[in-house]
Amino acid sequence: MNTFINDQIESFKERNQNRGRLLVSCPDKPGIVSAISKFLFSHSANIIESSQYSTDPEGGIFFIRIEFECPNLKEKATELEQQFAEIAQQFEMEWKLTHVYQIKKVAIFVSKELHCLLELLWEWQSGDLMADIALVISNHEEARDVVEGLNIPFYYIPANKDIREQVEEEQLKLLKEYEIDVIVLARYMQILTPKFVAANPNKIINIHHSFLPAFIGARPYERAYGRGVKLIGATSHYVTNDLDEGPIIEQDISRVDHRDDVDRLKKIGRAVERSVLARAVKWHLEDRIIVHQNKTIVF
Amino acid sequence: MNTFINDQIESFKERNQNRGRLLVSCPDKPGIVSAISKFLFSHSANIIESSQYSTDPEGGIFFIRIEFECPNLKEKATELEQQFAEIAQQFEMEWKLTHVYQIKKVAIFVSKELHCLLELLWEWQSGDLMADIALVISNHEEARDVVEGLNIPFYYIPANKDIREQVEEEQLKLLKEYEIDVIVLARYMQILTPKFVAANPNKIINIHHSFLPAFIGARPYERAYGRGVKLIGATSHYVTNDLDEGPIIEQDISRVDHRDDVDRLKKIGRAVERSVLARAVKWHLEDRIIVHQNKTIVF
Amino acid sequence: MNTFINDQIESFKERNQNRGRLLVSCPDKPGIVSAISKFLFSHSANIIESSQYSTDPEGGIFFIRIEFECPNLKEKATELEQQFAEIAQQFEMEWKLTHVYQIKKVAIFVSKELHCLLELLWEWQSGDLMADIALVISNHEEARDVVEGLNIPFYYIPANKDIREQVEEEQLKLLKEYEIDVIVLARYMQILTPKFVAANPNKIINIHHSFLPAFIGARPYERAYGRGVKLIGATSHYVTNDLDEGPIIEQDISRVDHRDDVDRLKKIGRAVERSVLARAVKWHLEDRIIVHQNKTIVF
Amino acid sequence: MNTFINDQIESFKERNQNRGRLLVSCPDKPGIVSAISKFLFSHSANIIESSQYSTDPEGGIFFIRIEFECPNLKEKATELEQQFAEIAQQFEMEWKLTHVYQIKKVAIFVSKELHCLLELLWEWQSGDLMADIALVISNHEEARDVVEGLNIPFYYIPANKDIREQVEEEQLKLLKEYEIDVIVLARYMQILTPKFVAANPNKIINIHHSFLPAFIGARPYERAYGRGVKLIGATSHYVTNDLDEGPIIEQDISRVDHRDDVDRLKKIGRAVERSVLARAVKWHLEDRIIVHQNKTIVF
């Protein structure tokens, strides 16, 4: 099966060797699109897809995501970066230029419940999640077989709140060793320290098993049952130091009724969690998300 | 147009003169269905629709809703009630026997925003909401024209928290005069006193413009915008003395994104509020709802 | 109520006197965005929103919709058009430059079922549908009261297939007299002649009461019931001379089950029809739709 | 992993050793529920869940599904069947009495695309699909590894239309050998002969990758793309000899737009297919489905 995945990845890189993405946010004023598109045109780049949003036409913030084809992108990468830096300075831009063939390195953290992990692996095997799943870290052994069966390194690092710092040190070391770009908490049931979070700003994606901000914190399905809600939800968000308060990437819900006890809510909820997390991770991998003031713009 | 509504109502009453509904809740044990269905059969009643639910097969609570056709229902009403009372006593039932031809008398309370009121009136005019809309009470004048245009009495009763008791006294008098069965708060922006609520247990249906329990209280759309949610919702519930904490009848959501400012959220939200409230009211009118411990069973 | 609508319309025009929209489609090649944005910048226009799509980066068709603010737009309109025509010629563009303050003139055609008409009028009264509803034409009298109650001219033109041409002549005369931009068939149950359709290309929006291409033609709810589908739908599309085969603008569905007979399907379906048609009309009014080869791009 | 599944299955059987289900359809008349519930009560059975539906209160067909707990169900099985047969005769019932601890034996047929198979296996491993997946049959080798990895027998039987009868003979032999109760076509891309279908009435569940009756037959995503639909769907149905015309069990859709090419439609569609088929299979396994005149009643 891994040969199939590798083939898909190689074919994807090949197809996308000249494909770049430009993400920009800056104070809005006339001329931004003109300057960017002139720059791209001057390098013979063809704009494939472009999305733009302004918080307010007068005095607001301007956001744009452009996907483009540029002949010999690899060779011209440094030149492009340097020249764009000048435009960026002129418009006070925060910006990022990414190369699609450089697929992102992902670490997945998981505990005992495997449904979110399995969904990500499944999408990955189907070629629908273009990433290098570099390793899986877990405080339990449940996931080992399936992960190693796909030739992905699996690290069992027992964790509890008393040894949190030591555990995270070990984790951070692994993240560095594998040059990880993004960390996905696929139902990882440990709280991260501010130090760990600060080391990975807008790089940790979590799935919370409720429709935030309802049922922040522990045991959301039990509380949803207690409240008698008619819909249950899931929320994927970037992790910040405020528990379940980080920028929301995606949410979805499923209908439930009075017959559904807590166990049934959990089963129904799993399907929602799976698809919400998978969409959020996919958008992150495709550089579709810009974080601005604890909110996300998803292009 | 009112002739059309009256015709529809009369035709509905005619068609349903022998149609009854039995709602029961009691401690679960074997023999309940057998006793009820034997009783109905002994009166030549044919069960048209029946739904049942138990919280727990062992030692739980049993709920049932039965809709039946019984020849000469009107004439036999008292007899049926008396005889069923014996079964009810034996099984410690809470129960209710309703006659479908006795359509319910509804009072609608509204403030300035008319979309929920208009939806109810629209469904009513289409014959989709079988009720006697007996009067509309508002603390503003905005709704007068449309309400009186349909020959429904409109009462303008200005309200604010300083004169709450006096206002409610006036309202309660009207509710009594019109023999109101159910009160619909169609975006009525005044808090009701415990006295008013206590006088109308499980008879006041509210629409809250958020996906409860998220954004309890005031200005939910503003807070949803601030939090950057990707879905907005609406919740219809029975009113209790805990603000926005009563038994939830129905909820629904609509997808939003970063481009939607507070005004757009409100516009999108209106469509959700309208349909959620209309469904909740319809279920109540059809005796589909049993309230149990701050939750609803909706059959 | 009409004063309120007029106030809203005037305020909208005032707010949008410098707001323009540019819609372009042309063969894809590098430099298009650069040329357009340079042009806008040279006229001090600020791009507020921009969406782009290409069927294929190599040799495909390029589509863009740009909304912009341009100081003194009214005065500069002719100049802008003339100058842009040169760019358009260079890139072989089909294009359209619209002014947001010039709100579109709409004619609504309706028969006996009023729910779609009522939804449009309701959205219009709420200020959610920014249009000049210039007249309503019907082959029945049912809609007269509600339409005239809003001070909208109502024309009763009886129709059947034997007098189709004469009827359409009368209709076309009215459309011309009122300078109509778009015709909405809000459950107008008459088939239009090729002549009528040809006179109004991509200007007639219909609502079909099924999820096309399922149940093309007459009595879709009856046929949906016969087939035992678990979802029913509605489709809004531009009218072409192939019955129910025109470019689809929007579709949606609602869940049904075995208990729903044809009458219930119709009731459930009405809610879907209403919202699908309203969304389609709104997108058309906002110049969000480009038709390409019997499909729509909706930006 | 299989130990875990076996443990779950054993625990399920243990918990449900006294749980039975009764499915009945017959001409509607008063006294049916009374007779059935009296019968159950006389055997000390407690009704846990009951759903009923009549096509028409007068002269229609009556359907009921009852789930009950009956002490010593195993020992009393024959007695129950014999006694109920008398009631059944009296009311001209078609009926079925099933024992929940007798979990159904399932054969899955699959071709090259594995997503539906994987979903079923995933739900099964999670304990959400209570079945004995007895074997997987495929005309390709793609599924072998994952199937055998779960210790499920895998049979590779190459197939094409020239050797259809011989292939089916082999398949039927296996189905008999494994005492299969239900056959799931999880994207099995071969047409079955009338003989095969006739041998398994209402026992073959298929997933069709469109919202039937739209796009019956081959290449539905290509045709959906061609038509420019805004929603794509999937349909699970029992197989009959009319291609894609069997009784529909479940349908669902997903929103798409102009940017989605055929490949993207297929990817989006896979998620819909997976969940629609899984729900249909689950309902079948739970004896929730009654087929009546090419439609399903799903309780």
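For reference, chains read A, B, C and D in written order, and residue numbers begin at 1 within each chain.
By our rule, contacts are C-beta pairs under 8 Å (C-beta built on N, C-alpha and C of every residue); 3 or more make two chains touch, one makes a residue touch a chain.
On a predicted model such as this, the values are computed, not experimentally measured, just so you know.
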Farthest chain relative to chain B (centres taken as mean CA coordinates): A
Between the pairs B-C and C-D, the one where more C-beta pairs touch: C-D
Same-residue or different-residue interface between chain A and chain B, half as cut-off: same
Gap in Å, rounded to a whole number, between the CA centres of chain C and chain B: 37
Chain C-chain D separation of Cα centroids, rounded to whole Å: 43
Two or more partner chains touched - positions in chain C: 49, 53, 259
Residues of chain A defined as touching chain D within the complex: 1, 49, 115, 118, 122, 126, 128, 145, 149, 259, 267, 270-271, 275
Residues of chain A touching chain B in the complex: 53, 211-215, 227-231, 233, 247-253, 257-259, 294-298
Complex contact set, residues of chain C against chain A: 28-34, 37-38, 40-41, 44-54, 57, 69
